[in-house]
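Okay, so chain A shows up in both of these, paired with chain B first and chain C after.
Right after this comes the complex of A and B.
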């Protein structure tokens, strides 16, 4: 089966039109004389590349799983973002430290009181159907379209009072209260700007243009051969002169993990991201001479993996027990041997690559003796069989890595006298049992979206204890002080005060251990060395690729 | 009888080899706790240690668990599941087959249609489905293997009963007024045992394979170390660490082979008429 998969994937390769290769060859000939004019001063991101930019060529990106739709405004799943991020654009982009960069907004001002955000838009941007891009599109997208289609934007937009367009190329957001996380929420992954002339007044999900996405991005949609590939081509009237460098992008849909690894190995595919390549294959592939590995470009998603504990059930309702779990685990071992080195040992609730992180909290090094002391302190003495307590662990059915992790946790906790019984289930059963609080312990990982107000608070605030909702406060953790600090910090306009509040809440949480943080997860992005400038921002390969260029295929 | 049996059995050299291997596996299963006193799940050494290093015989797996310890403890699970599920399958299969064969007619029709119902569904698919529904545990795995294994035994028992039922000694028992249960249990069953024992020995082998396949797919008891699980858990790193899946694979291979060889020997010994001629 595997070999036929590979074969059909290969066959798809050969069907590709040859235009790209020809153009690449032509570009190679022209490269020397043209290079100078193609390197404008604005291409700061290209600074690390000492080689001259080569225009033209084709890029092959692995796409898995196949997205349900390419209209990014209607679907924010990772595969949709990967393709849609090249077709659509947001107001802002973000560097690896989550500082805003110009996108469709070439400049912006934030008022002193943090209540008014003014954005100056690109004057020469156009939609792929030729219509001009104006402030009306932004107002429509922010006020009408996205609140209906994206719950994350709904949360952000609940802080906004009015959105106005004083002229065709200016948009003003007036907030009800200061909400500093607002500036982090304007990227293409949260609010891609949608064409008002196509969607205004229609049923968005049933729009006849949903098969042919129209955006302002550097690449326009050509063809989607279901089950095989998505083809985008350079948009000639893109607002930035001389961009994009590439002629074409092909997104290769390869459902089989072994075939994906093979495609990267042979050079049939140039880029893989997120979970495309299984963790165990990463060390091997990253050593190949034609590939390089980066774990940057996921700062906006910043996944955090933890052990979730139902704090309603004894002994998990005791903070000392939860602390003992962290002491009992060797999280460095988990990273090195279960995640094959991908990730950083977490110190607390906020991923260190996002904003407002503080390392100044109670730490939990691997210390089984301390774990035993805490359990003794609770009165959980070992019985004749050495068992102090029994807990049940629901294995997260997301593949090999999580099964191994559950086995490790069982053994490590057994060493301090906590007997763990593993229970397996399928993914629907897991989601149901977790969201209905019918579990004792399990694993989970959650995206943080760049700012604690957007992706961290939701896990710990009591308002978000909602039965039946996944990724809410399913542990049932409730601490008034934490609620108050998260609520106040979200609307605090003073940087220092806000940082101090977030630092305090991190200290409290690190002491309370509502979940046992394991790793700030890293995803592997594998790149063929012929690809340049692919990962330059906080959303990595989901960004627009206007600056990406390639050397001809070997 | 017993001496003749052994003579016939010993004439098949393969069967003797099989018996020796099987005895080894049983020994391993019985003394696993003495050989490897710690749990096979314990991470006793560094991960990815090749065989004969880091204090291990067969190396360690991705988490530093001793493969040899897993093999020893896995032998216990494999044999336990193989034997209990076969016993259960025998109970169901022989009971139903005996009733069908003895009574014939409508009872036979009803029972055989029921048996065919099970036979039309592929074994493994049904087992996977049952385990998935009843959540993986040693009981559900054993039960589902028993449920998919009994139909061939039922058909075999039926055939035996059908042919023995019309034989003189059975007719005699009937005329002397013996009760039906007594005829079934005391007269026919002992005389139909030989082929059933041979079939059962092969069922044990199939059961071990089924259990391995289920654990390979992650449908084994998550708290029991089993050979199939060991292969399933390390198949992803086969290119980096061959030993993690190689040794449990060999363990399954030789155990199943040994049981098959013993089964063949039993066949030679118990069904002398069917024994192949011209064998050394």
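Right after this comes the complex of A and C.
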């Protein structure tokens, strides 16, 4: 038994520590002798032994929304990644600068011409049901399973010619053409390695093992109490000796945003990520003595938030109008007051924490006069009521922040004479109206997956104007030069040439403003200070947590 | 007795037609909302291509014509099969059944609590009308009635969990504690306190107000005066004569509340992370999980219909002047 947690320690609710913000009346009640004896060890005492790794213990992570399934190969939603990332592993992992690190592949070589990728696999890795992990699993996952189940891998795999396993612990990918983004696309969030002995030759979605995920990761599945929690426990035969440090992980399903904030405050939960905590709660929570905040660990996702504009519809089809919108907005204000300081004001289509970014593009500082001049130039003179144009704005239904943002946009654009009408819907309605081009303006944020060829080009190339498909070129923007540059850059093996092409395409896009970039988004990860090593890679809390350890719960 | 049997027979037949109408209307209403589950999943996966969406639609049988989907659904329900959630990969009945105990525990206790306390407080207020205790009860009832449920819930969590640390804030048991026997019972009971209070306070206020106003209406009627004139003790007058006549509107409302025992606690279940049917419905709505949503509608509808019939029967027991017909 590795367990150090006692039953009463898990049932910590009745011995919660006193807090500084206590109201006078409550303080009086707590001064009862019973409560006094239950006060936790002092902070100084806890700080003494933070350096030495402590084995054992239990971690509670907020899970929201509840995922439909835990088989990471079949579902790529963020909550599935959070849980599945501990059960399954990819060939590679990535540090915060997106440099590849060993995963199930302990080493790899890329040929000079950029066409052959050879991976050497862990020899002592096993599946949670005891079967050995071999190159067959990788070939099956890359060639058969994932192309059918994951659209992102389909895009990457279209550049692959053959996948071969010369021996049990070597896999060779031969590419049709150089595709430098390939090395970024082999993490657990794109291609988790799936067990061939369970899925080969079956109907993946109907496989009877879909209730009990079997991976190679440091934690194995124990129980999923629907609506309540998911329980994982340490896998004793994990390939890395002495790992994982933790005994158990519980993912707590807490559907209400205010309740999630309280769970972090009380210590019921140790970790929250992505949009679990509404931005307006973050400044308060991050100041609590038991919590710390980090915005690292999202480099692989690197979302970009923008105002999407349907360029088929006047006046949005005019570049000057779209530029005017950027001038009309104070994006620093948006960052500071709506996103509470989270994020960086965007300069162009590529998020600066990923690869191939250039700052050397046309800039759009907050300048309402310039916006008005551009609108004048278009011939949109203000009428007697001061209104130059009317546009409809579909509010993105992904939380209160986006509602506030829409309200700010309405005000800021009203100041330069563009009257905005807000329209509300739920997430299914939003997805339908956006993907069927039945909108004028809306917000959206899109993940970039570490490389422009994986997550940026898709928004702007004409090939990807496809009705009914979300995260395609829904605004209908089309520019031959942009198409050509993105296509050539993706398969250019020479670093300097590639960088130059990407720089050029960024310049063109920044001038055309196919979408009005607002922020390179940052997500707040809140961590209880008793948790160590939780955010060390580009996928942050979705990584496998083999190295995570905790101090005992107070 | 024959009267009751024929009454029941007629009501059941009627109820079946109502149920069919409910299924049809629900089906139409759900489909009228824009968007479908394939798009929701694509939106949350951060990726989509036409093949992916088509696969999902095919998997969910959304590619079949609507009338055919409806026909399949109605015939399935008629044979007791509530369908299959393709999103969660489970039969709908299993999903509902695994959430039912938690919900019934919560709503059942809240039901008894609110009905009992409501009747008691309402009667007390009516008997002492105009005095300080009446004012206190009416004020509390008004506050409980007018304050949003989720706000009460959050404030209770702030006070009892965050500040005082007396009660657990979320879930129905201490996750991973592995408690058994009496410990488990105490643990679940502690988890129940705040959700039950939050849910029960509102209904308690409703019952208290109903009881009070109803008693005030009845207490000056001639038959009450007669009872008093006969020299009956006050307690007997109140319980046997006043309350029995005043309780009918309360029963009506209790019947309605009973119908919502299964699906009526979405807010409370969400705030307290209580793993019940209400939350299942809410999630299903956001995810456009049609089969689950329809399944919950059907089960809830049946509950409402059943309790309507029971309420009518209870009327006749309490007030013999009302006949089953």
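As a convention for this text, the second predicted complex is superposed on the first by the 504 of 554 C-alpha atoms of A that agree within 3 Å, B and C clash if a C-alpha of one lies under 4 Å from a C-alpha of the other, contacts with A are read in each partner's own complex, and residues count from 1 in each chain.
Convention: contacts are C-beta pairs under 8 Å (C-beta built on N, C-alpha and C of every residue); 3 or more make two chains touch, one makes a residue touch a chain.
Worth saying up front: this structure is predicted, and the values here are computed from it rather than measured.
Chain A has more of its residues touched by C than by the other of chain B and chain C. In the superposition on chain A, A:289 contacts neither chain B nor chain C. Of the two partner chains placed by the overlay, only chain B lies in contact with A:337; chain C stays clear of it.
Residue contacts after overlaying the shared chain place A:228 against chain C, while chain B stays out of touching range. Legend: residue contacts after superposition of the two complexes on their common chain; A:76 is shown touching chain C, with no touch to chain B. When the two complexes are overlaid on their common chain A, residue A:130 makes contact with neither chain B nor chain C.
By the touch criterion defined above, A:411 lies against chain B but remains apart from chain C after alignment on the C-alpha atoms of chain A. Of the two partner chains placed around the shared chain by superposition, chain C is the only one that A:447 touches, whereas chain B remains out of contact.
In the superposition on chain A, A:426 makes contact with both chain B and chain C. In the superposition on chain A, A:395 makes contact with chain B only, while chain C stays out of contact range. Shared interface residues of chain A, touching chain B in one complex and chain C in the other, are 425-426.
Interface residues of chain A facing chain C in the complex, by the touch rule stated above, are 5, 7, 10-11, 13-19, 22-23, 26, 29-30, 35, 58, 60, 65-66, 68-69, 75-78, 150-152, 154-155, 205, 210-211, 225-229, 231, 248, 250, 252-256, 258-259, 262-263, 265-266, 268, 301, 425-433, 435, 446-447, 466, 468-472. On the chain A side of its complex with chain B, the touching residues are 278, 280-281, 283-284, 337-338, 395, 400, 403-404, 406-408, 410-411, 414, 421-426.
Taken in their complex, chain C has these residues touching chain A: 33-37, 39-53, 59, 87-89, 95, 98-99, 102, 150, 154, 157-159, 161-172, 174-179, 183, 187, 190, 270-273, 275-276, 279-280, 282-283, 286-288. Residues 39, 41-43, 47, 62-64, 132, 135-136, 218-219, 222-223, 233, 236-237, 239-240 of chain B are the ones touching chain A in the complex.
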